[in-house]
Amino acid sequence: MRALGTRLLAPAILVAVGLPFATLGVWSLAERWFFPDLWPQAWGLRAWRYVFATAGGQVAAALVQSVAVATATSLVSVVVALPAARALGLYDFRGKDTISVLLTLPVIVPPLSVAMGLHLWFIRLGLAETFVGVVAVHLTFCLPYAVFVLWGVFSNYNPDFESQARSLGASQLRVWRQVMLPMVMPGLIVAGLFAFLLSWSQYLSTLIIGGGRLTTLPVLLFALMGSGDRPVAAAVSIVFVLPAFVALLFSARHLGGQSLAGVR
Amino acid sequence: MGALSLKNLTIHYGRQPVVADFDLDIRDGEMVSLLGPSGAGKTTILKVVAGLLAPTRGAILIDGQAVTDLPPEKRDAVMIFQKPLLFPFMNVQQNIAFGLKMRGDSGDRRARAVAHILALTRLDGLGRRKVHELSGGQQQRVALARALVLEPAILLMDEPLSNLDANLRQEMRELILGIQSELGITTLFVTHDQAEALMMSQRVALLLEGRLRQVGSPRELYHRPADPDVARFFGGDNFIQGRMRDGVFETDFGPFPVEAVSGNGHRRTATIRPEDIQLVTDTGDQPDHLPGTVKRTRFEGMATRAWVSCPSGELVVLTPRSGLSAGQAVQLRLPPEKIRIFPD
Amino acid sequence: MADPDAGRDARTRRAAGRGSLAVMLLPALMAVVGLFGGGLFLGILQGLGHLPGAGLSRLSATHFSRVWSDPDFLTSFGLTLYIAAVSTLVAAVISVVAALALSRLVNRYRAVHFVFQVPLTVPHLVIAVAVLFMISPAGLLARVAAAAGLIQAPADFPLLVNDRWSIGIILTYVWKEIPFITLMLLAVLQNAGRELLDVGRTLKADAWQRFRHIVLPTIFPALGAASLIVFAYTFGAFEVPYLLGRTYPMTLPVWAYKHYSDIDLLARPEGIATGILIAGMVAAAVVTAQALTRAARKKGIVL
């Protein structure tokens, strides 16, 4: 019984995970697909032509915008989180619990509450409807996430390696660059991926702070869903998940299958 | 009651044979060490006895009842692991009471049994501690208490002392020995440390590369090793080749009269322990003394180890004598009664 | 062969200079306090009726009380709580089973592990779209039902999106969150689980007792943390209920954004106040859950 269950488990997972993507894929290639047929009556590349040609400029712009925002958010998150995580992971000090709570709140409180509050302030600072403004609002939740990931990395990190390198004659700077950085690199990449993906999927806070001016992919996808053109929505959805797949493949290849557990 | 009988155990990991044709009988109340280098298959045997692994062949009997097909929770044997493996989400009392709770004992009975075992393992007052607040030695004592409280027929210990430092280890040995003899629990104790095996147990079973090589009292294994491998494991470095002739073992180091050993005319190997060789520095020529030269020495505290080159070969000598130096001429005497000639 | 923990403690306790700790922590803390704290603070001020340039003298709880007393608020709150609670519960239960099954699946673990990570990286929005295509009245499932002769027209198909029971929303969340929770549990089980289970077996615990007294306490902290994160997310998320929910009643985040983006600018502070209330409720839920856990632990209940 157990053997059968185990043998069925893997295919079950594969189907459950794959079905939504298969659905999107078929829809994106459906030229005509009326109820109640199980299979499209006519196949075609209309949706993809629309995505790449007709609305190519718009989609490309949204793609670039999304990549830019997510990359910037991810880089800033990791760079700012690294020293903080090192302090939290390696040392005990008063106020550590308070800091932990302070960092937990942004992970839990929904971005829309924060974005609404920031909006007016950002308008007055001239940050509304700007790239920097959107990155800043994404940082409110991406940065704490990066700190948590790296905190975990540093609490398993043995600083004796650094002492060893120092005693072998390396300068502090070289120790950081040639001992610490390589050792925490897998964690650093995971943290960066976390932040990237979090920022990448963000819709409402981008909309509030970007004010519709900053059209990232989710903003575009929402607009397309409103138009009711299913094949096009499916095609854009696929474009929207591709970077996530690339990130996953990258992590699987370069991190030796280290799990992305904890990504949301 | 708890006599343990292992019959013809053969164990594979995948296709890899790990233990072959292992037989061992342990009497009720006896403490037996299963000794061997790491990788010899000791822990594997212990896990098979506990029921955590299934043997490919063979049988396990407790008091004559076959338990080979019983799951671990149905066997009257408890295992203590190398790491304490205390449940981190329970305090000391809860850890110790775990097995009693699983068995369905009432809270009252559990409390009484836990209090008793806390005293026995010298953990009084630590019952409400969290496990991560304990020292390594205390943690291992809790693991011991957690097993003992069940009063199992068979206690299985997998190198429970190897994670402790030397002083603590000695203290724990005394504690385990005391409790074992007080409670009379049949115990199979796995260790890679020959000294530990010799001092802890009534009998020692030596396992080399998955095969049982010798079982016997500590003295037997130490002084009467069954074969050169066993001798080597116990630090016997001197091997002497020779031939049996009319009650005399004739070797390059001279003839040694022996009690009647069969096999007249056959080649045999013998060994003599380094501390059994007598070393003299005054050069009165005695007929049974071998001349030699000290090649090098190593001070080992209570004795000095000397590598002595004789015309017929090199011998290792452990002598209480001090002041030896390389190049010094010495005489060795090999007492015939200390020579152990291996059967064919 | 010293106690491994001893070294670890010495390491953590090694003091760094106060100054250097501050330098390391300050950028991150400033960003969080400034942007997140600032956002919440300004949100509260605006919810209390503060308008830029008008000073702080005219703060009042009018907006909050208007939101609070709106009969729709309670309905929205109920709906939001229902969606978040059911999604979290279903995902958590399935995840516990999945994690246990997967932890046994050692040989094919790597491939399954990889496939299991896919949903983690996919935006909620995309899955909401796919779920819509699958279970809407003209969706894949309805077509299968038609092919099986169960229904004739899309209208015969039970409403699973924009529906009374929020099936589509919950399905989207469950699909997305199971891998999140499962992988958190799996990490714990792989680390500590197996050896402790062996100990449990030799200490006479049967299969159910091992699950109740060893597996559950081992995974509980991770399960609790992951479930809280899922609950908080599903309680405060906008996209999925906006896309797959009914127009009335709507979830609190959708309600908040509707007010916030209303052409009537007077509705905006109410939207912000709602956003703050959502934040408060989520924080309260997390604090309560943690307090309950701590209280249970104090009573000696092994969780």
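Order of writing sets the labels: A, B and C. Residues in every chain begin at 1.
The rule is short, and it goes like this: a contact is a pair of C-beta atoms (placed from the backbone, for glycine too) under 8 Å apart; a residue touches a chain by one contact, two chains touch by 3 or more.
Please read these numbers as outputs of a predicted model, since none were measured by experiment.
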Check your understanding: So how do the chains connect up here, line, ring, star, complete, or something else (other)?
Key -> line
Review point. For which pair of chains is the number of C-beta contacts greatest?
Key: A-C
Practice item. List the centre-to-centre spacing of chain B and chain C in whole Å, with centres computed as mean CA coordinates. Key: 55
Review point. With chain centres defined as C-alpha means, what is the inter-centre distance between chain A and chain C in Å?
Key: 16
Point to revise | Interface hub residues of chain C, defined as touching at least two other chains | key: none
Review point. What parts of chain A, by residue number, touch at least two of the other chains?
Key: none
Point to revise | chain C contact footprint on chain A (complex, rising order) | key: 5-6, 9-10, 13-14, 16-17, 19-21, 23-24, 27, 35-38, 80-81, 83-84, 86-88, 90-93, 99, 102-118, 120-121, 124, 136-137, 139-141, 143-144, 147, 155, 158-160, 197, 200-201, 203-204, 208, 218, 221-222, 225, 230, 233-234, 237, 240-241, 244-245, 247-248, 252, 257, 259-264
Exercise for review: Flag every residue of chain C that touches chain A in the complex, lowest number first.
Suggested key: 11-16, 18, 21, 23-25, 27-29, 31-33, 35-36, 38-44, 46, 52, 101-102, 104-105, 108, 110-127, 129-131, 133-134, 138, 140, 142-144, 146-147, 153-154, 175, 180, 183-184, 186-187, 228-229, 232-233, 235-239, 243, 253, 256-257, 260, 271-272, 275-276, 278-279, 282-283, 286
Practice item. Going by the contact rule at the top, pick out the chain C residues touching chain B in the complex. Key: 1-3, 5-6, 192, 195-196, 198-206, 209, 213-214, 217-218, 220, 300, 302-303
**Study point:** Of all residues in chain B, those that touch chain C in their complex
**Key:** 50-52, 71-73, 77-79, 81, 83, 85, 87-90, 94, 98-99, 101-103, 132, 135-136, 139, 146-147, 150, 156, 162-165
